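For clarity, chains are labelled A, B, C and D in written order, and residue numbers in each chain start from 1.
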């Protein structure tokens, strides 16, 4: 029973981490319908900037964090302007391939600069966040991930549902020419969504880095884990991303605990295929409206 | 009722992808408070003219190569759609380009993009006042609305932008006769009550010339005829080719047409 | 080259029993998204008829066509075609059975030439299999040539000779509608389903289209079902008109009968064409 | 004898049959025969063993890339699992050869059939999935196949892999690079010809119709799902066939090369080459294989000179960076791929010196 509970807690916290890293992904998809394969690398870049600023340059944690946010926001912005924008209107597969190419570039660059070793952040999270409940122990960083995750969920949910900018963003993803004709600043919407996504990626990269240590390979493979998570929830649903994250986290945790550790890595994909066969647009994805 | 000149198109040529010339020297004038209608066959360049005004040529790789478009005395040709829409020129695209996955009300809110941050509740009320059908469906996903509702939606959406000059591309396409009439009545009311200037591209010349003050006829990328709507309605050529009424004034029957042409084919 | 004499052999050579097209729709009910799009619709089309369906937007006309062509699956009711029940069959099955259609929003393949678009419609009449196609055997070549010849007749019939190798995406709207008709005809349909074939056309284009449809109907006994808003066309070419409103058939009969039906005038036609 | 036609100055086809030809001029056909002659009679004898090795790799990759272009470029079904199907073919070929002792000429096509079966299984989601969702489902397929190749040790030998006997055809040993060159390129020419045939008949037309507008395709009487499956089957047959050739050529296989990276390489090939173009797939594989070789040559060189200074390890990732950069630049500056570049070059040659 205790084993079960520990697996449950582990799965839930892992799920929240996945969900957190999926948010930036959904952000980009919702406003520009781009599937970003460089997601893991963006997370890694954020994590490494923070590492460089906090551990190596010795800046105070808060200042390092702020600079990391500014840096990743700018990076997202630049990415959109120089790489994604020329591709507006091109076929889906080309955009996918472009982000794959970007992923390779970033990975190569990160490995070149930081090497393939695992790095660690200095300890900075307050111990008070740790939850001790009977035999179950939830480390502070998971609690922090949980809080950040919930915060983003509410923030983004409200943003897309009620704020004008959120509605403009959705309108661009829906029908670009019409959005243009009404004066929506399409280019600005794209740039903004990539910039915000870069920022969210950096945050999730840092959180993951605190837990597992910072390693290029590790983070970019978690970037791929984002796909079952978001597809399960439905590509354009923020709530879906959270739920998908939790489902995948629990699945991994229980498969790892009860069946085998090697199956653990692959189980999200198997479940993904079965769920898609039943619900082709994920659990919460918008069903495509087709008219003939 | 000669108002100020709102928009002056001066001898423009439009070329797509640097190769295909669609407009060959088009000039027209839109005066404040008028409804101007633009008639012409398919492929004559009516939609291109509208897009040249609204700046939407750019995303389609088109360009105004010669001539000028002056709006309130300032040249606006080849400006980006963002700039032009912020000057108050809003185009309603052909074929009801709704945002399928947004609700009716969210669709309308996209119309506030040119004046982001300003209150919009009054405008919503105004749109619902003109189109009560939309009020009933305001939470429905636009993709599930009927053709008539969508046409109202896209016109309403444009109204949300406080347009100074509203460009309508084929507002009656694929609508039932009763609805066509309703849409045109509302267009007329918008013109009268909101003092908006409108330009209407229409296939349904009969309706368009009834509400318009002035009309242009386009063929092959050129303006071939222009006059007040009244005069155009009386013009024998317009009658023959656009209104479908014979010289006697009665509606032509398609039966005669087909018999004549078929005989021609067999001989 | 032999000049075309207005006689497409695919239609004239077909024996009358091959062109039989009896459609019967019984008690058809279709619901989606909590809305009843069609309720208890009965309609029948017999061979050689040209039936028009009219009604306000959202009345369920296109939904009916979509049920007949298999895009929507009705919840209740049955559809019979030539005596066989075809309710709920998928679209490609129905196409094979001889129901061809055009679409309201033109569903052509814009990146292909006019010819390729029409060649595509010959798919149902191609008999060779994957293996033969992979080796491009003599029989495959002969068949391809045969289809090409048939299309040439259709192109002549629709007076599109000059457009043959043009990309559909570059054609003006009215021409695309004509290409779409050509593509539907290339299916050699027994029943031709037309969804607003005249929408957005100029007077002249409409006249041409009327001519083609009348010739098909009168000279080759083509069975057609037509949804259209242009009343002057509907009234002058159709033999029978069915009027829909809110998913219900409110009237059916000859054009004259329908035109003067009070309910139809109220729901659809309006009293005059003037704006007050 | 009729006059040979060199420059197409318009459409002068006299019979409908001429429209079915692959090359529209006699000039084109002539070039094709000259090219074939060069390929089979000259190239193998003037190339070094290393160059032949590169050519063979290109040939094998090109077969699989042509298959992938049928699926992505023509049918519009995005797949990120082509590398896995290639791997399935390699393993199927190896297992058939070692366990069942099948001869080379039989095990290669059979490996294609096995891969095609696996491909169809992972094509099943295409019944309901479209675009991005399908793309991810094939990504899942890639990971699952990877997992099976490593974990099913009794069949695949796990991480140790399988040693494949040297290929022989009717008593002829095909172990040398030169003799294998003939095998690879005869297969390549045949497979490409079959692909072209599929494209110019109703099968290819149906594929393209599904890519461009599946609802209208349905209305043309094309059963969409069976055709999607067919496309998956054909494309993974190509992958499996190529994979088996690869297994025979490499003499031993492990699961490692058949990872996501390989799938990405295949997609890169057809995008850089040109989507929806058979020659494009070939250009793409030439480009990617050459790029790979050049990059590993450079890194090797740099590592050798840098071995003493300790920069060796840090140089290797740069290869990945340049590889990614090449893909990105290509997509941004020539999204239609090398096939389009080739078309422009050719037409400017044809019109030279009077290009207007």
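FYI, contacts are C-beta pairs under 8 Å (C-beta built on N, C-alpha and C of every residue); 3 or more make two chains touch, one makes a residue touch a chain.
Just so it is clear, the model here is predicted, and its values are computed rather than measured.
Across the two interfaces under comparison, C-D and A-D, the one joined by more C-beta contacts turns out to be A-D. Using the mean of the Cα atoms as each chain's centre, the chain most removed from chain C is A. Separating the CA-averaged centres of chain C and chain D is a span of 42 Å.
Chain geometry summary: the mean Cα position of chain A and that of chain D are 33 Å apart. Rounded to a whole number, the gap between the C-alpha centres of chain B and chain D is 50 angstrom. The centroid of the Cα atoms in chain A and the matching centroid in chain C are 49 Å apart. Counting only residues that touch two or more partner chains, chain C has 71, 103-105, 107. Looking at chain A, one finds that residues 291-292 touch two or more other chains. Across the assembly, chain B contributes residues 144 that each touch 2 or more other chains.
Residues 6, 33, 35, 54-59, 104-105, 172-175, 196, 199-208, 210-211, 214-215, 229, 231-233, 236-237, 267-270, 273-275 of chain C are the ones that touch chain B when the two sit in their complex. Within the complex formed with chain A, the residues of chain D that make contact are 72, 78, 124-125, 128-133, 135-137, 139-141, 143-144, 147, 151, 215, 260, 264, 267-268, 271, 275, 313-314, 316-328, 331-332, 335. In the complex of the two chains, the chain A residues touching chain B come out as 89, 164-165, 167-168, 170-171, 174-186, 286, 289, 291.
By the touch rule above, chain D contacts chain C in their complex via residues 11, 15-17, 19-20, 194, 197-198, 200-203, 205-206, 208-209, 212-213, 215-224, 230.
Chain contact summary for the complex, chain A toward chain D: residues 35, 83, 86-87, 90-94, 96-98, 100-112, 115, 224, 227-228, 231, 235, 262-263, 265-266, 269-270, 272-273, 276-277, 280-282, 288, 290, 292.
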